[in-house]
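I have placed the structure first, in the form of structure tokens, so that the comments after it can refer back to it.
In order of appearance the chains are A, B, C and D, and numbering begins at 1 in each one.
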Amino acid sequence: MTGHYLVLSAILFTIGGIGVLIRRNAIVVFMCVELMLNATNLAFVSFARMHGSLDGQIIAFFVMVVAAAEVVVGLAIIMTIFRSRKSSSVDDANLLKY
Amino acid sequence: MLTALIAIPAVGALLVALLPKGRDALAKQVALGVTLVVAVLSIVMAVQFDPNGKRFQFTEKYWWIKQFGVHYAVGVDGVALVLILLSTILVPLVVLASWNDADRSGGVDAPPKRSVKTYFALLLALEAMMVGVFAATDVFLFYVFFEAMLIPVYFIIGSYGGPQRSYAAVKFLLYSLFGGLLMLAAVIGLYVVSANAGHGTFLFDELRAPEILHHISPTTAKWLFLGFFIAFAIKAPLVPFHTWLPDAAGQAPAGAAVLIVGVLDKVGTFGMLRFCLELFPGASKWFTPVVLTLSVIGIVYGAVLAIGQVDIKRLIAYTSVSHFGFITLGIFAMTSSGQSGATLYMVNHGFSTGALFLLAGFMISRRGSARIDAYGGVQKVAPLLAGTFLVAGLSGLSLPGLSSFVSEFMVLVGTFSRYKVPAVIATVGIILAAIYILWMYQRTMNGPTAEAVKGMKDLSKRELIVVAPIIAIIVALGFYPKPVLDAINPSVKQTLIQVHQQDPKPTVAEKGSHQ
Amino acid sequence: MSTVYMAAGDIPTPHIEYGRLAPVLIVLGAACVGVLVEALAPRAQRYGLQVLVSVVGLVAAFAWTIALGIGDQPHHVAAMGAVGVDGPTLFIQGTILVLALMSMLLIAERTNGDSPFTAQASTVPGSPEERESLVAGLVQTEIYPLVLFAVGGMLIFPAANDLLTMFVALEVMSLPLYLLCGLARRRRLLSQEAAVKYFLLGAFSSAFFLYGTALLYGFAGSVRLSDIAAAISKQGGTEPLLLAGVALLSVGLLFKMGAAPFQAWKPDVYQGAPTALTALMASCTLVAAVGGVLRVFYVGLETLRWDWRPMMWAVAILTMLVGAIVAITQTDVKRMLAYSSIAHGGFLLTGVIATNKAGLSSTLFYLAAYGFTTVGAFAVITMVRDAGGEAGHLSRWAGLGKRQPLVAGTFAFFLLAFAGIPLTSGFTGKFAVFQAAMAGGAMPLVIVGVVSSAIAAFFYVRVIVLMFFSEPLADGPSVAFSPTTAAAVAVGAFVTLVLGVIPGPALHLAQSAANQLFVR
Amino acid sequence: MTTMNAVLAAGGPELHPQAAEGVQSVAWLLIALPLAGAAILLLSGRRTDKWGHLLGTAMSLGAFVVGVLAFFQMLGQHADGRSRLVHLFPFISAGSLKVDMNLLVDPLSISFVLLITGVGSLIHIYSIGYMSHDPDRRRFFAYLNLFVAAMLLLVLADNYVGLYIGWEGVGLASYLLIGFWQHKPSAATAAKKAFIVNRVGDFGLSVAIMVMFATFGSLSYQDVFGQASQASQGTITAIGLLLLLGACGKSAQLPLQSWLLDAMEGPTPVSALIHAATMVTAGVYLIVRSHAIYELSPDARLLVTIVGVATLLAGAIIGCAKDDIKKALAGSTMSQIGYMVLAAGLGRPGYVFAIAHLIAHGFFKAGMFLGAGSVMHAMNDDVNMRKFGGLRKVMPITFATFGLGYLAIIGFPGLSGWWTKDGIIDAAFEKGGTSGQILGWLALIGAGITAYYMSRLMFMTFFGEPRWDEDVHPHESPKVMTVPLILLAIGSVAGGAFLILGDRFAKFLAPVVGEPEASHRLITPYTAIVFALMVVGVGLAYVQYLRRPVPRTAPAGNPAVTFARKDLYGDALNESLLMRPGQWLTRLTVFFDNRGVDGVVNGLAAFIGGTSGRVRRVQTGFVRSYALSMFVGAALVVGALFLVRI
């Protein structure tokens, strides 16, 4: 039973990862990262159930809080660069290279 | 004593560096004074040295980095003693010789004036490290001096050298650094091996003890040997690691070139004799054929290259490649006359090539070109310059009666008694030496006086004071090398015992013993 | 199901050893005070107050760390086992605090009233608002609490004894840094770009870290490092869960220290971020990240070392080579130092891989040595300025040695230390890690290390050539002198020299710190 | 083996010299005096210009006096005790290699000492006049003194190292003196050539010394010769051949002859002293001194004789074709040394004649060279004999002395050349067998050619119509030059008889080279043939150069003449076989070093730089590609961990 959840979590993580790779909009990229974090949460909760311990669930809460904080910081950063460049495409921010 | 020899120039370097701007004359005087003091002290030390006493004398030993097992340990045996003397005698002369070099940096393109005091501070720092590297009896300490020495030289070449100076400086540094880092790996390996043997140490005396030697597996010993050897071969330089030398010596100001070729490179051959042979006797013997081959190639190859040069300083540098072939040949022949000869060669080569570089430098600074074809007939306008140049050159081609002959002779005789063919091929070097020296002399000094050298001045008093002692030493050691040999021989004997090699018996005597 | 949930009474009251955690708490507390100052103090006094609070906080935390270190043999867990207070941790924390203090000197630097940070981050670069804010002489003072928070996170990161704490610490350390990266006063577009890149990749990597944590949790039923270690030795290390977990966790950790192939962010971020902050990241963040790596691999995964060693070998080799080789063709000073930092990460990994006491102590020493040198080097970079800010491009440095011999000489000294020339701390550090690696049987690694040192020497030397052996530019950069920066440079140079000439005491400290390894 | 031991036992050389006493114990003065002279003159600079030449001459004379005293002391000693050792100082010592700087005063060395200091002093005196107009006269005398010192060390050393030092020392002096007028490119080139060709010979000598050390463990004559019989035949032959190579270089024997003709670029007294009387005979000394080696190796001896004969013919042929008076004399020198080498290679009976001819040659050839110098002095330094002629009237003393030398060299009965050369030819035939016959006849033919070319020289210079340039006004040279000429002429006339009559010289040298089995026959079956050939040679020259007018420019000759004029194509051979390939090799090596060895280093650097340039392109600046690299990296890390499991 937990196995299925784990597979789902892995699929979600991968989708998130691939999303980071293929999407251009910074916000969407960031959302994909969030998706990965949530996939992790799913894994934690499933493992908590598997092991019969509370820890996993508690960790999930921690992750959510951290993710929220990350959103704040992330959006702030993306906002400033959007204001400077009038674009939120990550491919446009390409001054630093080689 | 040794610490003083290291510390005095080091402090002197600081002192000179901290002098206020514009006190160039004072900087020069301080530098000269300090180096003279060091020279006198080292001579005092040499006098007190007892050739028949313990191998290492004037020893000092303190913990330096206990965590690594590193000591500050210094001491001299005969070999180190004569090399230290070589350095301490050459440095004041170099200081005097380059009195005005930093002022106008005499190259062809006459780069703008550079800091004079820095030049002399760097020279002093270099002297401290040169003494240190020969005096160190702790492998780690040796390595530290070995590498740290590069920095002042690098800055001297790079800041005060000829038009190609930065290329030469970088090449010099990277080449040496590469070798040094390989050696670092070997130094660490050596420590680890000694630690596995129960007592991790960097002390030379302990590392050469049988307990540790027998603990090194032959394969490991070969790798460690290579680590040390390649570093020394680059430093020496042995073909095919030699290409940095012509560039470095050719671009460096003459005074620094003297120290690079005269002293710095000796660290390589000194290291082979002291560390490669004594720490890895088995591996040394295993690698002997390779080293001998490289040496012989170096002798002939360096000489042929020297013949083909058009730049005086590069030519002298290539002659050194050839001469270093002789030195390594003598070291790895593993006979007492070969090794004593090689050590003596280090000293003699330092003086004779030093004199050549200095005189070439004097000449180049007058004419502003290092190309041979820029000269001609200098003898007519500057007979003293030409005469001393000839003497130095003749020593370079090992003319009997001048110092190099004795050492070259010893090396060849010593080598021949064990390895016939290399010795015979090496002897071809004496013919080639005559060609490169005399041809250069003919092209620069003989013939009709070239238009551009018509107004050339002969040696000044200062320059004469620089050259005269070297010439005197060259002649004196040519006829009476005994004092130096007396100091060297006991050390070499130790080395030979360590590598379990005895001089081959004369074939006649051998036959007699068989009967 | 009901058995799973414990009764409320079973949950013990958390016991927190405030004394042992004090350094972290002091720093975080100072950060909070900073926030309050920002909220309450009048604008004119904020700068002074913030600097005061930061410095006092850092100094106090450092003092306390020392007190902890000399008090008793530190080998405890605190906060219900979530945090380890032991020799290596205290050494790392102490190092971070000192380096942070030095970086703080750079961050607080004001030449002619100019801070290296933008006045108002919200203004669009080049806009009238920006100009206005500049004219008004506004100063960003939020940076101080942000830095302190980041430092707090760094202090916890290597101390964290379970992966959750470590994750939280990672984020506490990273989030302020993301923000700070984007706050440069000059070249704001670059700065913002750096922030975005750092942020996205950082978040991406923390997802890996977290998923790895989840898998390990699945394997061991706990995120506590000691439990994971126990589970590994009990069940053997065959579980795919375990291996996948270790791999993903490693990705997160290696990303933070910028090991190849996770190094891509480093050059861009180091180049784009305000230099003072780059100094902080290149020193403190690296120390913290390596501290975390040490703890995870020495405590949690020590029993699994035969499995992860080959992988780490490969990473170390790749890191050293990539760092050294790519740096050769760099044209921007900061970017070059970023690659140099990558290469140094590789050298550090050779110490980590040794997994013995010598490896630990040598890595600790290397961290400290490298940290001081790198802060000093970046401090010099902040001083060399063109009309448009720092003279980043290397060609602008040509002939600096003739016009500013002291500054150029000091920088050359730092570069030589990076290159590992004897009588500098860089050499001692390199020697220490190589010796440990060699003793651990990692001969090939040492050889690669040696070769890449030789390659790396090339670009250090190139800069020296440029500074000393090239003719000065007619309109060359000038040197902006400020006492705080000069102090940072002086401290860096002094420590670099001392650790090179008489490294004994520092080595002794690192050794006694590493004497008991990490607490479990 | 046993036969050889028997040979040694029969009349072996004295192997255990005693310590020297009396004047002989200060034999080092012989070397020290001229050496001090050289040092003073070189170091003092222009201050000693005024009296430098006098000091130099005094030093040389002083050495001569010491030599004479030592000689008379030796005469007073018993024949078995005439080898005396003078201990000076330990020179080299390392392990088993011990070389002491000792001098050996024995009949052989004292003969050379007298020749060197005697003829040397005369030439010093002559040079006072000859060089009186040269601004660098002081330097000239310094070099002459240096030469004398080195040459004395060469012959006085009691070991091969000392000999080698002297050997190279005279080479240096020769180099300096040939190139004395170094502003002349031809002189500088000739000097360099002489030194380098000599170095080729020195190569042989060096290796010989190495072989000796490896074989005998010592380099003193005493040890080497004492143990020579114990060494293998191959070793002994090798040593003999290597020593021969050394001798060829110094004595301008084939194939290392080419330098001697060029060496005539030096001032004429130098040609007389170094390139006729003394230095070039060092090779003969070396062979005679090492006779203990050669006596054990018939093969080596045979090659020595072949070299000798080949050179005596080659030198004679060259001498026939030269119009340059000094070069003609130089060819003659080569040829005469060829005789000596031939004699030295013949063994026991030959040694005495080799040395005797050497001494006689020292007198007459030095005399002729100085005479040539006197002629050149008169002819504004012209050397082309085609522009001489009829000088016997204006330069009577020069003519007379030169004429006596001429008669001596062509072997006019009674004069010194006759005594010694006949002895050599006789010894060659005495050798027996086919080889003896061949050697003997070739030596005979050589004598005929000698007569021809010397007569040619004599006639072209002193007889016939004057063919002088317009501005030339010949005159006799001053006394300071003619007196040495006269003294040398006396030696040329009487030297041979003095030495050979009554086996005087043979007995004197016996302690060193052994007693000849039979005393020398004054009249041999070949005397008549030699005389006949001499007459033919003189007659031919008379017909060609006295009966017919001599053209002022050399007529184009047939190929044979060209062959001789071009020194038997020796230089051409050297150039095409050694110099050009050498130059190519050098260029190739330089190219290889720059492109190959250095190229590898620079290429490696460029490769790393190139790699860097490519790898940095991976850093595209796109955050998504960074993420991709992380993603791939993560996959690799996972893969790596699982891979280890498998």
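For this structure, a couple of remarks:
Please note the rule applied: a contact is a pair of C-beta atoms (placed from the backbone, for glycine too) under 8 Å apart; a residue touches a chain by one contact, two chains touch by 3 or more.
Keep in mind that this is a model prediction, so the values were computed, not measured.
Counting hops only between chains that touch, subunit A reaches subunit B in a minimum of 2.
More inter-chain C-beta contacts link the pair A-C than the other of A-C and B-C. Chain centres here are C-alpha means, and the one lying farthest from subunit A is D.
When every chain is reduced to the mean of its C-alpha atoms, the one closest to the centre of the whole protein set is B. Taking the mean of the C-alpha atoms as each chain's centre, subunit A and subunit C sit 25 Å apart. A separation of 44 Å divides the Cα centre of subunit B from that of subunit C.
Rounded to whole angstrom units, the spacing between the C-alpha centres of subunit C and subunit D is 79.
The geometric centre of subunit B is 36 Å away from that of subunit D, both derived from CA atoms. Annotation for subunit D: residues touching 2 or more other chains are 605, 616, 619, 621, 623, 627. Each of residues 17, 20, 29, 90, 93-97 in subunit A touches at least two other chains. Counting partner chains per residue, subunit C has residues 196-197, 200, 204, 267-268, 458 touching two or more of them.
The set of touching chain pairs reads A-C, A-D, B-C, B-D, C-D, using the touch definition from the header. Against subunit C, in their complex, subunit B makes its touches with residues 63-68, 111-112, 114-115, 118, 143-145, 147-148, 150-151, 154-155, 158-159, 165-166, 169-170, 173-174, 177-178, 181-182, 184-185, 188-189, 191-192, 195. Against subunit C, in their complex, subunit D makes its touches with residues 605, 608-609, 611-613, 615-616, 619, 621, 623, 625-627, 629-630, 632-634, 636-638, 640-642, 644-645.
Only residues 171, 174-175, 239-240, 242-243, 301, 304-305, 307-309, 335-337, 339-341, 377, 379-380, 387, 394, 399-401, 405-406, 409-410, 412-414, 416-417, 420, 423-424, 427-428, 430-431, 434-435, 438-439, 441-442, 445-449, 479-482, 485, 488-489, 492-493, 496, 503-509, 511-512 of subunit B touch subunit D when the two sit together in their complex. Of all the residues in subunit C, the ones that touch subunit D in their complex are 196-197, 200-201, 204-205, 208, 238, 240, 243-244, 246-248, 250-251, 254-255, 260-262, 264-265, 267-268, 306-308, 310-311, 314-315, 322, 325-330, 455, 458.
Interface residues of subunit A facing subunit C in the complex, by the touch rule stated above, are 6, 9, 13, 16-17, 20, 26, 29-30, 33, 36-37, 39-40, 43-44, 46-47, 50-56, 59, 62-63, 66, 69-70, 73-74, 76-78, 80-81, 83-85, 90, 93-97.
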